[in-house]
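For reference, the structure is listed below as structure tokens.
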Amino acid sequence: MSLVFRPKHIFGETFSSLRRNFLMGFTAITTVAITLFIVGVFSIIVFDIQSVLNSIENQVEIAVYLKDNISDDLKIYIEDEIKEWPEVEEVTFISKDQALERFKTQNEGSDILKEIQGNPLPASFEIRLKDPQKIEQVALRFVDKDGGNIEGVDEVIYGRNYVKKLFSITAVTGTIALLIIIILVLATMVLIFNTIRLSIYARRKEIEVMKLVGATNWYVRAPFLFEGSFEGFIGGGIAVLLLYFLNRFLLIKGETALVETMRIKNLALLGTDNVIIFIYLAIIVIGILIGLLSSGFALRRYLKV
Amino acid sequence: MSLVFRPKHIFGETFSSLRRNFLMGFTAITTVAITLFIVGVFSIIVFDIQSVLNSIENQVEIAVYLKDNISDDLKIYIEDEIKEWPEVEEVTFISKDQALERFKTQNEGSDILKEIQGNPLPASFEIRLKDPQKIEQVALRFVDKDGGNIEGVDEVIYGRNYVKKLFSITAVTGTIALLIIIILVLATMVLIFNTIRLSIYARRKEIEVMKLVGATNWYVRAPFLFEGSFEGFIGGGIAVLLLYFLNRFLLIKGETALVETMRIKNLALLGTDNVIIFIYLAIIVIGILIGLLSSGFALRRYLKV
Amino acid sequence: MNMIEFRNVSKIYENDSAALKDINLVIKKGEFVFMVGPSGSGKSTFIKLLIKEISSTTGTIFIAGRNICNLKNNRIPQLRRNIGCIFQDYKLLSDRTVFENIAFALEVIGKPNYIIKAQVPQVLKLVGLYNKMDSLPHQLSGGEQQRVCIARAFVNRPPILLADEPTGNLDPATSEGIMKLLSRINLIGTTVVMATHEKSIVNAMRRRVVELEDGIIIRDQKRGVYGS
Amino acid sequence: MNMIEFRNVSKIYENDSAALKDINLVIKKGEFVFMVGPSGSGKSTFIKLLIKEISSTTGTIFIAGRNICNLKNNRIPQLRRNIGCIFQDYKLLSDRTVFENIAFALEVIGKPNYIIKAQVPQVLKLVGLYNKMDSLPHQLSGGEQQRVCIARAFVNRPPILLADEPTGNLDPATSEGIMKLLSRINLIGTTVVMATHEKSIVNAMRRRVVELEDGIIIRDQKRGVYGS
């Protein structure tokens, strides 16, 4: 035990061992690199799919169209009322003029614009909720006891069925994605463990001899553990590099398309949250940990000499 | 060479070798099973995403709204004209009554229905194209020389910008998905090759001894090749089983949601094309081939004794 | 007839150590030759060249009149099947039982099962390991492993038998038994080359002795003893 | 002082073969003992028990007065560092050079680098392998490998030296050198137990001889010869 920490021993052994057992070190490193690369790619994709779905969810709004003849007092009263509801994230008033303006931009160049005379569009409140799941509950507040709309409100639109289905899709894909990531990480661990175990198996005789010559378990183990973590680190580093290039030359194009067409913000690469940095770090940390633990576990049975 | 085919030798060797080298057989099989399982899951997901995108693409239609005062002759003339265009897959006439009917179903229970008096909705042709990419080209045929619509047509709607962006998304995701599948398959091959190579490395001394005792290359190789394919077969079989259960208890729920919400047909599991059977078969065939080739390659350097 | 012939054979290993230097030697069919010499003098190298475990650096080697230096790779197994070899480090298949190890040498040359089932126990009795038939090599003592290797080498009655220190781990009584066996095998016409350190054996047999030192033949005597 | 004591020790391997049966034996500090007996009689088993490579089935073994049968796992390395062992199958680390193999035995007990650098070449000269320092085990002849194993066993001057057929692959001259070395080591107080088949060596040395047969001690003679 007193000899556990002999840095020269540990580092020296690791590098000369990597040199001597090139094939096995190489194999372990490529296995770590490949599996973690796949986990990384998958995480980015899952994260982006979830972002797209969330952003669609969040775009779900309640539009409250007002009657043209609504009084200013009533309008302000309704607006204040809405603002006080705790479920509401944001409420925006769109005047008749703004509505026309927006319609014109959206239909720019279309023939329909020629036919619009005056301003047929109503003013409206657009309400975004903190939790889109409460949408029905909130929308129903604009309905009075008789089943009609409350005073001053012409129509309330929020697409009930569409919303329900959307939620069921995001729930299902969310579960599937999470499960698949878990399966992938477990699979990665098994694959790396398999490789490291085989490479230790190929060296079982050497371990036996070391023990017979009087080495303590820790003396034998330390270089293997360090070698395992080192392989994990290098493998993880390679995975990060591969991922970086894949991102740079491929995935970022996909995300750019998403941003342009659907105005989705919170993406893995283009988002402001640095999710990708977190993924990079996680890959390296996981690599080191799996390398370390795999070596430790795989060694156990050969140390019993 | 004359001793290559000795079935008893090959089969006997394989099974006693799997028994003796349990650890290595086990490792190879789990590696094959896990990697091919991941490839399988990914193929199903990619296939379904492509299906969703294709189906969205195909739902892109041109709606040609007719003036209320259009004569029957003119209507029939336009309809015949459209039907003759080679790009057109299908054209459906929606009369004013049908349009109202459809609007009512879509907005069932909504207050808006109460306020509809008479039938404000126009009759229309809905045109689906064989190749959705030609949509703009076709839509422009309803525009006359002066830039207005041709006689009898009130408005032509097909969301030009939306369509363009949609195509750019499907193109990008298509490329990404294909590349990822290729990367995955290559990665799988490397991982399986790594494992089999390590397990053969651990047995290099045995191979050397066999050769020194007078065994031909083929005599040594045959059981290893058979063992490799056998491990690939069993691993592939396990991957198919895992995939089957994953499909049955998880993915099929996702697909059911897709079918219900978006009416998407051509899915991996629920489609009529038996894509999933093809995936199952491919996994097993790939498993056997990779097992066979990996053993063959890994053996080469140890046979040079 | 010349069974084995070395013409100006040298072997220099990768790290520039010259194990054999310009060896010229003829061994006739049916001869019994002892190779003696200090540790590291090149005895094992001599034997390894004969089964083409390694290739000579220069010179040519003939076995039964045939140059084995330009043998195609796919002809090597044929060569090895005609030479029984007792390896200094035994070279047993560690994942097979004693029976399977010996059977392997017969399977390789395509002997049918019934012959294998008859011959293996017989040869095991000869080396005194009949009751260890189902043991794995690591379950055997050093001498027992050596005897398995001996049994494997002559189970298929090869015309040439190479023995690299076949008695290094055997007690005098067992050694004597093995030497009697080798003499009997030699009597029926098998050419035997045996590398050994055991003075008493060489002296008792009075056969041809070739002495190596530093890769050079320093003595070649018809009816020699260990140490001139 | 009793250095090694066996009390009613039996060893029965997993496959029910009894290698040692009810052995009682005392070896005093500074003694030199030959273990002789036919192949498979239990000599190596005796030695493996002492370094706890295997455990006895029944009975107790004392080394320097200490019962090693109930030694905790983490105390075993300590035991092995005090016993130099020449293994019958050498047990060299195949991916290290000769120098590194011997250095390893010193590193394990925490010897500083400058001592290692001084002692290893010295011991290599003793066994005549100074110029093979950088070779890997597979680049050595059988006898050279055996000498590396011998060098490793006594490089750290252990109080007990176990030698399992240390001269099995050595020519008479080299053997004699090794035996002189062992005698010298013995003279400075090291207890030596040596399993051997070599009649001439045992007869020349005239030390205590313990003869095993089928796992039973059939002779224990103060100044014995090989074969009573």
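List of remarks:
Note that the chains take the letters A, B, C and D in the order they are written out, and that residue 1 is the start of every chain.
Everything that follows uses one rule, which is that a contact is a pair of C-beta atoms (placed from the backbone, for glycine too) under 8 Å apart; a residue touches a chain by one contact, two chains touch by 3 or more.
Quick caveat, the model's predicted, so the values are computed rather than measured.
For the pair chain B and chain C, there is no chain touching both partners. Of all chains, the one whose CA centroid is most distant from that of chain D is B. Inter-chain spacing, taken between the CA centroids of chain C and chain D, is 29 Å.
As a whole-number value, the distance joining the C-alpha centres of chain B and chain D reads 67 Å.
Once the centre of each chain is set as its mean CA position, chain A and chain B turn out to be 23 Å apart.
Here the touching chains pair up as A-B, A-D, B-C, C-D.
Residues 51, 53, 73-74, 77-78, 80-81, 85, 87, 91-96, 104-105, 107-110, 113, 152 of chain C are the ones that touch chain B when the two sit in their complex.
Across the complex, chain A meets chain B through its residues 23-24, 27, 30-31, 34-35, 37-38, 41, 45, 111-112, 147-149, 155-156, 160, 165-166, 168-169, 172-173, 175-176, 179-180, 183-184, 187, 190-191, 194-195, 197-199, 201-202, 250-251, 253-254, 257-258, 260-261. Put simply, chain D touches chain C in their complex at residues 13, 15, 17, 36-40, 43-44, 88-89, 135, 139-144, 146-147, 164-165, 168-175, 197, 199-200, 226-227. On the side of chain A, the complex with chain D involves touching residues 1-3, 6, 8-9, 17, 20-21, 203, 205-206, 208-217, 219, 305.
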